[in-house]
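The data blocks that follow each hold one structure.
Two complexes, one shared chain (subunit A), two partners (subunit B, subunit C).
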Partner chain A sequence: MTSMTNRVAPRKGKPLDVWRWVGRIFLVLMLLYTAVPMIWMLLTSIKSGFAAMQFPPQWWPNEPTLASYQRLLDPTNSVGQDFLRFFWNSLFVSTATTILAVIVAVPAAYAFSRFEFPGRNFLFFAVLLRNMFPAVIFLVPLFILMRLLGLVNTHGSLILTYLTFGLPLAIWLLKGFYDNIPYQLEQAARIDGATRFKAFMLIVMPLSAPGIIATAIYSFIGAWNEYIFAYTFLNRNDKLTLPVGIQRFFSENTTDFPGLMAASFMMSLPVVVLFLLLQRYFVRALTEGAVKH
Partner chain B sequence: MAHVVLTDLVKTYGNFKAVNDVTLTVGDGEFVALVGPSGCGKTTTLNLIAGLIPITSGEIAIGDRVVNDVDPKDRDIAMVFQNYALYPQKSVYKNLAFPLQMRKLPRAEIDRKVKDAARVLDMTHLLERKPRELSGGQQQRVALGRALVRDPAVFLMDEPLSNLDAKLRVQMRSEIKRFHQDLKATIIYVTHDQLEAVTMADRMAVMKGGFLQQYDSPAQVFAHPVNMFVASFIGSPAMSLIPVEARTVDGRAVLTGAEGWTMALSPLNARKVRNSTTKKVVLGARHSTIKLHRNAMPDAIPAKAYTVEPTGDVTFVQALLSGATVNISVPPNVVVQPDEPIWLEFDQERLHLFDGETEIALMAD
Partner chain C sequence: MTTATGLADARLRKKAKREGILQQAWTRRADYLYVLPAILVMLVVIAYPIYYTVDLSFFNTPPGLQLRDKVFVGLNNYVVILGSDVVWRVTVNTVIWTFFSTVFSFALGLGSALALHRDFAGRGVMRAILIIPWVVSAVAASYIWKWIYHSDFGVIGAVLVGLGLAAHPPNFIDSVSTVLPSLIVVNVWREFPFAMIMLMAGLQTVPEQLLRAAKVDGASAWQRFWHVTFPHLRGVSTVTILLLAVSNFNSFIIPWIMTGGGPSNASHIWITHIYELAFGRQRWGIASAYSVLLFLILMSLGYFYVRALSSGDRKERGA
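Let's turn to the complex of A and B:
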């Protein structure tokens, strides 16, 4: 008996270690592959214009400088004015898209998850159907539609478009979250004296918070990075969003690599921050221990 | 507290009838146990009473009010869910306080009631924990506590003790019974465990396949099961059910087994057998009503011991008769060997007779 209980799971010898190392090396390579362009972007953004053009390139800037950032963030010069305006426009469009997406997706996903109604499966399929076509094929029709509605050159055109493309996945994502929250919790709350709506707000909402946050971040990033529709629907300089604005501005100032890289870096900042938040919320398994398994 | 009246209650899922024409009255302050095999519609019936699922047809009244269209929160019920349904994001304290908060009780009163309930359920030290930090048994006690803090018209409990260990179960059983006596609470209690039903309930409702089979006091259900299902479902070890044939020998009704033996019947039992629709009759007997003899006796049926299971208190002997297993209990000092010939004497007063076709208990008149 003792020999049985003392026996530990047999450790595999050399072959396993070899594969483990192959895996590690692969991971490091992948990490370099994704991180090097980002690091290069950051390093270039703190070079002087002259240093950035040198060949062979300087890997590490000899005289690092924050001049590019100062210029972009200074509202008194024209570069800074434009950049801050684009930033604000992007922020407005993305935030509005996100808020509306959550307001629509939460009840829609909840209904798909909880209610039996005629045509439920068909509707859900229709929602997902949108995702089977590349967005670009809707570009021209949507442009014509926007012109008819007088929405060209407004942020509304973008917000509407982003909602159309973002909502299907948002609803699908959230439905998954609601499916995982046991219905008995709401039943218990209703017996405990809550209305259906109160049970939703007090019990289901807090539990689906990670899902809602993930959905919001997904909508935000989608809107923040979108280029083609923004490029097509907007042409007034004061309306442009960051991706289009940066592209347009620097095609006129082709040599300012540090400026371009600084602008790109600042554009990626909100996304990076949101991703850090996302990680935190995805890991939390809140419904654990809710019901007997 | 209030009485509950179910009238012709039906719940269908598509073509499937989960609850089938159930009519049942639970008296004010009565403790009713709902028993039956898995999938027989116990939880569905509770959910219908609670208003958590819409009824297909029929009527539910709580107190003197028909509640068919009343929202769960306005039915004045408390429920313990089979899978606990604890609010995972709330501490034990807040789980217990939630129903009281919903009813807008003053904070001090909520605090007092929560702490009282925690003391009764022996979980004062757990109040700050989250449900996922509790064992299954502890979670179940919280679920029970969330119902006990309330003062509703009816308690609905769906297997509230199923996940506790034997000792805790016995302890909680008496707590609930005590609680019922003190509060004169109306309780509808679903359980798999017939011992729970028999020890706690004033009346028990036996269900099968969505149908209510029998609704009576545990003693009556035990002594007079209405059909073979109830007979075999209630009692442990299960009642032995032996297929036999009804015959008339010399003008007297007798039963004959597949082995060729004949059993004479008392006048009452003979009258019952004459009411059978077929010659096929099933003889039912509980282990304690069969006498085991080691020598041939008049009126005793010859058999052979098949297995012998001493349990300490009693020894169970199994024998085969007419292809059915017959359970007999004997005192532990009676030593029977497997394959030993034995003679079985059935107590005419306490044997059960069923119609072999309809499986319904035969009546004398």
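Let's turn to the complex of A and C:
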């Protein structure tokens, strides 16, 4: 410490401001990197197909139009009909996955946090380890399994798969949360005559609500954005979810960039809004679950 | 708080030691009910596929995946893979992709977290904007960037030409030499916010007093970062880097949607290559053998992964 003091003492004035400016410039650059693609998506989506395909580009659309959005949201034409159906499919699959994930992850995480049963660590590691393996490894056998179960081309195949693939991180996040809730609180309730279940519902559930919300957002966003299983398990047009639907749209309209950008925007909007509304829970869950050990 | 749970656990553990393992499992049988649904789902969707993949890797299966007609070929699929040129190309690509995606995501995430740590007007909005790419679907992100990189009408090409830095708009993703870096830029765009969130959470664990004490002692901003802040971030950093590395190694959507692995395999990584072998060229046996190799590689790294992710657990238990 003394040597450090000696070295720094002479320039005690304002060495700090340099770093503040470095920080500011860095943030501006990061803002450009993150925001410019999104702004360009929005600007393109309000151009006509002709206006988008120009060089040099119209930086600001000369004649802004909402035609692409109208087309996507109009159930009377085939494009709008498809888009709305994909949207609905995505909503259904993601919601079902989220509800099931919470129902399955909560008791498992609680048990991993509170109980000492033989094989507990082994099972917990097995759950974590799953997260390491890419979807592709499981794709062929799962495809065969789904064919066997008669689930190909059903939303059930996706819900079942997303559930498993989302569980490890959900359990891990929630377990961190339960680890931080004092055990005495439950013990006190049980001494007062509550059953373990009642103690859990009355004490642990409310305290872990932020963790559960975080787990739910995580499952929902994961299911909403998932592509590879949906791409493999579904091939009937009326069953597709948005990511695959948009890909199909693009392969049929390879030059309709305004339409593609409008679809990308509409697809991202729900999860971005959801996340921004609930992000503090998510950040808190990460702090409690992952970081604060 | 944690010590209290730790104490309760320690008491339980001492009690448990006195009983035999089977008796213990029996007396605590109700506990398994809590984890049963999770384990059951994982068994069906994970254990079974692993078994199946290993099995299929020893067979040649007809394109339509009629399992009745598969032919046992022993280790031939593995011999074919290790003798091919593509495997090395794809491996090099995967290493470049994983390494640079992870390093840049972490570095930009750390920089953003530090820059956003101090309070200033508009900090919340700034943080929200920087997080958005992480939530945007990878498919949408791929199309947005595909449009930005477009070789005729892309906005980056137009800016470069406008500034006189290039005569024509460059072929970012249609050229063998630039495709991989261009895709890494897209991947980092989506991944750095994750590192940022994790590290922002980590920064909150750095004790204010220590920083103030260091400042009073005359430590420069850099010295305070290096000697006080950074040591506190070590745990989070390890976990973040591991999670980033695993998710980058396993990426599929960005290369698949943007280039499909092309041009001439320049952006094929292991995962996209396996997918193409299986569902594109219907070479199920070879694809399964690839998966098994991948599985073995990941398993050998899994030890470190699990250790880092459960380190808090170990510390608490004094193991």
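Basically, the second predicted complex is superposed on the first by the 265 of 293 C-alpha atoms of A that agree within 3 Å, B and C clash if a C-alpha of one lies under 4 Å from a C-alpha of the other, contacts with A are read in each partner's own complex, and residues count from 1 in each chain.
Keep this in mind: contacts are C-beta pairs under 8 Å (C-beta built on N, C-alpha and C of every residue); 3 or more make two chains touch, one makes a residue touch a chain.
In this text, all values refer to a predicted model and were calculated from it rather than measured experimentally.
When the two complexes are superposed, the chain touching more residues of subunit A, out of subunit B and subunit C, is C. When both complexes are overlaid on chain A, the residue A:L234 reaches neither subunit B nor subunit C. Legend: residue contacts after superposition of the two complexes on their common chain; A:I203 is shown touching subunit B, with no touch to subunit C. Once the two complexes are overlaid on the shared chain, A:A214 sits clear of subunit B and of subunit C alike.
In the superposed model, A:M41 makes contact with subunit C only, not with subunit B. Contacts of A:T195 after superposition on the shared chain: subunit B is touched, whereas subunit C is not. Contact with both subunit B and subunit C is seen for A:Q184 once the two complexes are overlaid on the shared chain.
The contact surfaces that subunit B and subunit C form on subunit A in the two complexes overlap at residues 182, 184, 187, 286-287, 290-292. Residues 182, 184-185, 187-195, 198, 203, 206-207, 286-292 of subunit A are the ones that touch subunit B when the two sit in their complex. Subunit C makes touch with subunit A in their complex at residues 1-2, 4-5, 8-9, 12-13, 16, 21, 24-25, 28, 31-35, 37-39, 41-42, 44-46, 48-53, 56, 65, 67, 108, 111-112, 114-116, 118, 126, 128-133, 135-141, 143-145, 147-148, 150, 152-153, 155, 158, 161-162, 169, 189, 193, 197-198, 200-202, 204-205, 217-223, 227, 235-236, 239, 246, 249-250, 252-253, 257, 271, 274-275, 278-279, 284, 287-288, 291, 294-295, 298, 301-302, 305-306, 309-313, 315-316.
The touching residues of subunit A, counted against subunit C in their complex, run 1, 4-5, 8-9, 11-12, 15-16, 18-20, 23-24, 26-27, 30-31, 33-35, 37-38, 40-41, 44, 52-57, 103-105, 107-108, 110-113, 115-119, 123-145, 160-161, 163-164, 167, 171-172, 176, 179-184, 187, 221, 224-225, 227-228, 232, 242-243, 246-247, 250, 257, 260-261, 264-265, 267-268, 271-272, 275-276, 279, 282-283, 286-287, 290-293.
Of all residues in subunit B, those touching subunit A in their complex are 47, 50, 52, 71-73, 77-79, 81-89, 98-99, 102-103, 130-134, 136, 139, 146, 163.
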